[in-house]
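Think of it as A, B and C in the order they're written, each chain with its own count starting at 1.
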Amino acid sequence: MRTPRIAVVLLLIAGCLASQARAAETLKIGFITTLSGPQGVIGKHMKDSVELALDHLGRKVGGLETEVTYGDDQAKPDVGKQVADEMLKKHRVNFVAGVIWSSVLLAVAPTVTASGTFMIDTNAGAHEFAGKQCHELFFATSWQNDQTPEAMGKHMQDQGVTDVYVLAPNYAAGKDMVTGFKRFFKNRIVDEVYTKFGQQDYQAEISQIRAANPKAVFVFYPGGMGIQFVKQYVQAGLREQYPLYSVYTVDEVTLPALGDAALGSWETRYWSPDLKNEANAKYVGDFRKKFGYTPSYYGAQSYDGILLIDSAVRAVKGDLSNKKGMIAAMSRADFRSTRGKFTYNTNHFPIQNFYLLKAVKGGSGEVEMQIQKTVFENHKDAYYQECPMK
Amino acid sequence: MISRGRAVVLLAGFLVLAVVPAVAAMLNEPFYLDLFRRIMIFAIAAVSLDLILGYGGMVSFGHAAYLGIGAYAVAVPAFYGIESGLVQWTLAVLASAAAALVIGAVSLRTTGMSFIMITLAFAQMFYYLGISINAWGGDDGMRLARRSRLPALDLADATVFYYVVLAILVGLLWLGHRLVHARFGAVIRASRSNETRMRAIGFSTFRYKLAAFVLAGAVCGLAGALLTNQTDYLTPSYMHWTRSGEIMVMVILGGMGTLVGPVLGAAAYLLLEDVLSAWTVHWQIVLGPLLVLVVLYARRGLYGLLPGSASRDG
Amino acid sequence: MTALLVAEQCLNGLQLGVMLFLMAAGLTLVFGIMNLVNLAHGSLYMVGAYLATAVFNWSGSFLLGVLFALPATLAIGMLVEVIALRRLYERDHLDQVLATFGLILFFNEAVAIVWGRTALFTRVPSALTGHIMVLPGVSYPAYRAVIILVGLAVALVLYVLVSRTRLGMLIRAGASNRTMVAALGVNIRLLYTLVFGFGAALAALGGLMAGPIYNVQPGMGEEILIQVLVVIVIGGIGSIRGALVGAVVVGMVDTLGRAFLKPLLSTTLGPVAAQSAGPALASMLIYLLMAAVLFFRPRGLFPAVRS
């Protein structure tokens, strides 16, 4: 009795096709970040912010029903690539967003853009994508890595600070940060020390600093390394002697662990929870209410990423096949960003302000970062001229 | 040689792997082709480790170093314009073999915990070396310009690449089987159970062990070459000691000293990782106790749980 | 590079060594006596740190944190031994590696579920935030000086325990010949559980001392585990004396390498080359040291005697 079986099979196929047809009206976003392991805390900040953005948009991005799939790259480029492949080929997402680490982005972004899908970078500021590997489908809502230390370099140069002792971990990002710093800081650098990635005990380096007797110290120590360095620096009594300037070291991710040890630290950033504009007030306020902690720039960038996608889809009235239209809409940066109004450079990286921040005791008695002044206005990154797009 | 039950299982496994591209195409899920190809590449690495770990009792915690060397052997020439797969993959095998020769010559003088640590140390040194070479991306790594060019085979075609990897895996399993049941394999296994006796009989166990070590390293180098092609990316993290740990877990989970077991182990570990991580962020709290249970109650790993494995031959 | 700086760095090296010793002592005991490769030792270090920090933050008393964390981790260690590890003594080292690796995953995630992935806030107890003049012109953080004292005290206690007490004699006998000791009527199972628990308590002590100066977050044990393994291999497995010597040597070499390798290299290679070669070599230094030691003494500096 073969005929009924064929009928069943045909019905199944028809059903699958029908469900595919319905699925085309759903907007699918794949969000890649690190959710497990010690760096999972950053992934949590990003995921929570994406969820808040979806809430603010009524779970409809650009007016379409939206499905967000989260992928865990475990901070490994090959796992990130597998996750991206899964999102592109299995879930058939329309946008891939996220990515914390430059190494993961370097593995993931080319695959995403080559498949004709948008890559919305909400953190990693690898200079390759600001320069030679820029792509029309690639948009960053964060920054280019060098810009943040450039701002600190400029500030310290303008202040006439000299005899600076520089420390960073011995890996690509560490060296990039120092390069960016030296692009604008031209005074004397006492010593430039690179420490082992993941090092826990900095007592030896602290003794060296004391022996060198600089006038200030500039460091880049992200995540756990930052917590350890700053704590030990303060415990050794060095903060009173040598003011501590840093980038990506003292932020909303590390402040809970640092507490009062962070007081007096200087940082530069394009954003801060206390940045005054309507969108940011709403973001920070609602985020604190919903999740019970203060969001970080990782979160703000991810929130902006969803809003960017929303603005683009709205502009083409939900027609996801109109890629050119979406590119044009995104390039206008026509959405309410948490950083305020900004424009996109030809390489699809933001041209934005950078501020000097200081860790102070806030109104609630907690330590928080507060903006002191603007260091750069409408600052461009140093690589856009290498980008073929004009 | 092989029991009937075992042969049926092996054949079934081979068939499953062989039809994956067709099934994936039919279901319009090309992702599964990539997933299974990745599983097979790690299976190749795991099988190479089984040769020295399962049969020879040499607990090398630095096996991932060869994965990295093989990867660099493909990506670096490609960076300078040399895209021939034959050149790259030969370089991968030879460079890994050379490294294994040096590492083995030093490490095999020690045993037990010291051997574990010294192999780990060597792997870490390669890792730190890889991080410090800025020209090749340092720890950021770099993209593979183009997949290896093989005569008549286009690796950019996902299916063609899949079958190339499958062929290498099957070929490796067959070669391994022949080796293990030859005199070479017998000496290695006997050295594991009683090295003094083997030396008393007149075998230079050090040379046999070193040969096995070099062979295992060379094969793992090939796996590294394939891995770079798979991910189109080179990163020194391929050499990190935690990767060695993962490969070791695949071997032990699948069943040590069985050659086929590590294939099962690789499949189980990577599939579990994929499925569990989609389910919950805290997937490691499930995987952890699962591994403990497997060790406590499935002595010969997953392979020991299969029908037909009760037979004596290894 | 003054003599005073060198002296200060030597002190730093000693302190780092002592921290490593606290971890290494427990691990080498367990490995030497029970022949158990316990990768989850780092997890017990982490659990000790978390429990002490949580109680300290809640109650404001560091002492209370210590008094709670030590017995609690001891209990957890014994529980883990009874439930999971007891059956592994006769098994292959590889099976032990796999099982304890599974435990690492479990503990890291359990801690993340209870306390979240954000690092915990820790601080040095207020009584110890000052500095002391160890040498003229060298002002050393008081807390770190206390670490050195505690570590040396533990070394002394362990020495007395293992070589001068009946319990220590039982432990050493059990390590040499388990069956014989059991045949003589000693409850060897209980002995092993106690030794494991004691090792866990030592790890916890290391963890709770490290908490105020290091980072308390999931995975903190693995970062230090590799260094500890290097220490016990250099020192000789099963030997407390070896663990102490190995730890101090590793601490010194690592610290002095980080401090002085770059300046030394820049005199021969020039400052630019030294800037990349220095840190790269410094991170490999303890591995090179271990390779060198194993080349001359394949069983470490003070291998424990086994029959």
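By our rule, contacts are C-beta pairs under 8 Å (C-beta built on N, C-alpha and C of every residue); 3 or more make two chains touch, one makes a residue touch a chain.
Given the structure is predicted, the values throughout are model-derived calculations rather than measurements.
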- prompt: Which touching groups survive when subunit B is ignored?
  reply: one piece
Message: Contact counts by the stated rule: is the higher one at A-B or A-C?
response: A-C
For subunit B paired with subunit C, centre-to-centre distance based on mean C-alpha positions, whole Å: 32
- line: Here the gap between subunit A and subunit C, centre to centre from mean Cα coordinates and rounded to Å, is 36
- prompt: Which residues does subunit A have that touch at least 2 chains other than itself?
  reply: 40, 170
Query: Of all the residues in subunit C, which ones touch at least 2 other chains?
result: 108, 112, 276, 279-280, 283
Message: I need the residues of subunit B touching at least two other chains; which ones are they?
response: 131-132, 134, 282, 284
Task: Would you mind writing out the residues of subunit C in touch with subunit A in their complex?
output: 1-2, 5, 8-9, 12-13, 15-16, 19, 108, 112, 116-124, 129, 131, 139, 141, 143-144, 212-220, 223-224, 255-256, 258-259, 262, 275-276, 278-280, 282-283
Statement: Given the complex, residues on subunit B that touch subunit C span 53, 59, 106, 109-114, 116-118, 120-122, 124-125, 128-129, 131-132, 134, 241, 245, 248-249, 252-253, 256, 282, 284-285, 287-292, 294-296
Subunit C - residues contacting subunit B, complex: 31, 37, 84, 87-88, 91, 93-95, 97-99, 101-110, 112-113, 226, 229-230, 232-233, 237, 276, 279-280, 283-284, 287-288, 290-291, 294-295, 298-300
Query: Which residues of subunit B touch subunit A in their complex?
result: 29-32, 34-35, 38, 131-132, 134, 137-143, 227, 230-233, 235, 237-238, 274, 277, 281-284
Field: Touching residues on subunit A, where the partner in the complex is subunit B
entry: 35-36, 40, 72, 76-78, 81-82, 85-86, 89-90, 102-103, 106-107, 110-111, 126, 170-173, 175, 197
